[in-house]
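Note that the chains take the letters A, B, C and D in the order they are written out, and that residue 1 is the start of every chain.
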Amino acid sequence: MKRISIIVAAMAVSSGAFAAGEDLHAAFQTMMDNSFKTTGIADKYRMKQLDFQRLCSVEKEPSKKVMESIEAQQLKTIRYPADGKYFGDWKKGEKIAISGKGLTWTDKTRFDNGGGCYNCHQLSHKEIAYGTIGPSLQDYGKTRGKTDDVVKYTWGKIYNAKAFNACSNMPRNGDAEILTEEQMKHLMAFLFDPESPVNKK
Amino acid sequence: MATNPMKIRAANNGGITEVKALISHDMETGQRKDAAGAAIPAWFITELTAKHNDKVVLSAEFGTSISKNPFLAFKFKGGAKGDKVSISWKDNKGETRTDEAVIA
Amino acid sequence: MNNQRRSVLKSGSGAAFLGALAAAGIVKPGMALADWNKASFETKNLADTLKALGVSSPADSKDIQMTAPDIAENGAVVPIGIASTLPNVTMIAIMIEKNPSTLAANFTLPAGTEPFVQTRVKMGQTSNVYALVKSDGKFFTTSKEIKVTAGGCGG
Amino acid sequence: MRQKKLFLLLAALVAGVGGLSSPVALADASADAIARYREMIADGNPSELVAAQGEELWKTKRGPKNASLEKCDLGLGPGVVKGASAQLPRYFKDTGRVQDLETRLMTCMESLQGIDPKTIVDGKWHKGERETMAALVAYIVTESNGQKINIDMSQPQMKKMFELGKMAFYHRSGPMDFACTTCHGEEGKRIRLQDLPDLRTQAGAAAGWGTWPAYRVSSGTFWTMQQRLNDCYRQQRTAEPIYGSDATIALSVYLAATAKGGTVLTPGLKR
């Protein structure tokens, strides 16, 4: 027993402490497979990675070429509002931005989710409890204007942020069906409406 | 229903004894609901008395706004090393508990 | 349970006697063992709480110091410390304006106990918190707004 | 009164921070206020109440075998509690596994007391044997407070777990594409007002690993590391990790090894 462990240790050192070998990847898959379970609405299948998720699961960003190919693919997923209307009710949008609920194994339904926007972004002038993982979006409409390009880009960014930055931390709200089209319209109003506390002090 | 012991610390500095206590209690407000949506009944400490030896040094009435596992600190004049400080509480279900500590 | 209740009765006989006085609606800060003043803890706004405590228009005082955070990271635990340089303090109460039950705690301080208490309260939302202090038989107050923030991932 | 004025000043400052002027000033003011809040509650950590119950439970004869845990070997020899959790997770020869504190305790509860590990693995937080576990953990980690984080990485099994843990740390999946790195892979970030340590760095890992397990103010309960990791995954919207599974232990090895040399400040006190 002792001898074996010494040999293994020696191997470990010589192979650079288990540097990304095939065995390690196989061991990882086995470990993940044995370590998670289905609870409520959170199926074990959630541990299986989409291609871009796998490519983005690395210490450093993938190459420019890989990033661009992911972005091109993700761009195709974006659905713009069929009725051409981008804006709902900013007051409802604010509630969606505040709520971080949904999609956990303690949630009863996979619908009716929050946007969780404040976890990462500064938005309203009044809300002091905002995260900083994403950029500040305070005065979003005021500073960026409401041109067709900006509106369309913003919709796309909410719908699938990976279309613009392959390994973005931001969820694909539309593509992954986290939010409904109607909810995203409310968020758009929250970002752009001059009366919204995002733009009005 | 068993109650759990408090953690009481009492220290004399320059003739004044400072008492710090952590009390194990749920302090349910009666406003919360459980996972099934049923109201969780109010359950909280209503009265508390602190004594130095046999003399009352603080008495308190609590409402539902006091945090779970209440913390309490206060000071009184006197108190010698080795003296006893005790705290007793009573809750709205009629449960009581007394614990004591020695002044350091 | 029965045993415990018996010990309550035994140890609390003095309190029960004084409680009879409290039940009559008279709160006497300074009593050694005040029985729980139910009426005062059932009040839902400042005016009613003060009324239930038998206090009329307490004066603002700079001689009460409230130590509390400007922002509480979580409303479940908000530390509140109250100290005073007023003479002969016999009572300190903590009131939270926007809580369902306004009165959080009411401390009775016998002679020899310093005018200083620290505890932790729950706050449902951003609110003014009031300290009420009885000194030489008169009531004084001070207040501070404490912001309660939402935190975590919210899930 | 003075505090009120100070607050008005803060409010004015907030109002002055428009879209053009620096939002950093506001963030700093809030961060300072939160730091003061944390300082104020630091004295009087309700974990103490849980730890006291845990110490009792450690000495209490329980289970089908009616035995205490006083002969449990947490890595420093039978019955040695002092400093034990500062050196966990660890590779244990008797089980042939890398174990964290909780899985090691499960081994002891099974072998010494005859308590079926399933009661814990399939249990519910703060109920039954998991509640017992939490109390034991509170007691044991209190006995390592102030020590240096110092896990033994000399065994190949530990090296392998480190690599697997690191891979798990970067593993993005689920409907929100999150991994541990999403929140803990950059310095100086926060969620809402909660600072996020960059767990890839020694300082960040020490700040994180070194202050868990902890009493959670928001729930009024003591959380073990297994529960902390479980809730990280819940918030990531992945599937639920099985209690004591290798992925949770691998992550713990990755964090503890990265945090090596940092100070154990357990039990912590958290939002």
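The working rule: a residue touches a chain if its C-beta (ideal position, glycine included) is under 8 Å from a C-beta of that chain, and two chains touch if they have at least 3 such contacts.
Note that the structure is predicted; figures quoted are calculated from it, not measured.
Pairs B-C and B-D differ in how many C-beta pairs touch across them, and the larger number is found at B-C.
Most remote from chain D, judged by the distance between CA-atom centroids, is C.
Taking each chain's centre as the mean of its C-alpha atoms, chain A lies 46 Å from chain C. Averaging C-alpha coordinates per chain places the centre of chain B 14 Å away from that of chain C.
Computed from the mean C-alpha positions, the centre of chain B lies at a distance of 28 Å from the centre of chain D. The set of chain D residues touching two or more other chains comprises 30, 44, 191-193, 220, 234-235, 237. Annotation for chain A: residues touching 2 or more other chains are 103-104, 106, 118-119, 128-129.
Listed for chain B are residues 67-68, 71, 73, each touching two or more other chains.
Chain pairs that touch one another are A-C, A-D, B-C, B-D, C-D. Within the complex formed with chain B, the chain D residues making contact are 43-44, 46, 48-49, 52-53, 220.
Within the complex formed with chain C, the residues of chain A that make contact are 98-104, 106-107, 114, 116, 118-119, 128-129. Within the complex, the chain B residues that touch chain C are 1, 16, 27, 29, 31, 46-47, 49, 55-68, 70-78, 88, 90, 92, 94-96, 98. Residues of chain D that touch chain C in their complex: 1, 3-4, 6-7, 10, 30, 33-34, 36-38, 40-41, 44, 191-194, 217-220, 234-235, 237, 271.
Across the interface of their complex, chain A is touched by residues 14-15, 18-19, 23, 26-27, 30, 154-156, 159-160, 162-164, 167-168, 170-179, 182-183, 186, 188-193, 196, 234-235, 237-242, 245-248, 250 of chain D.
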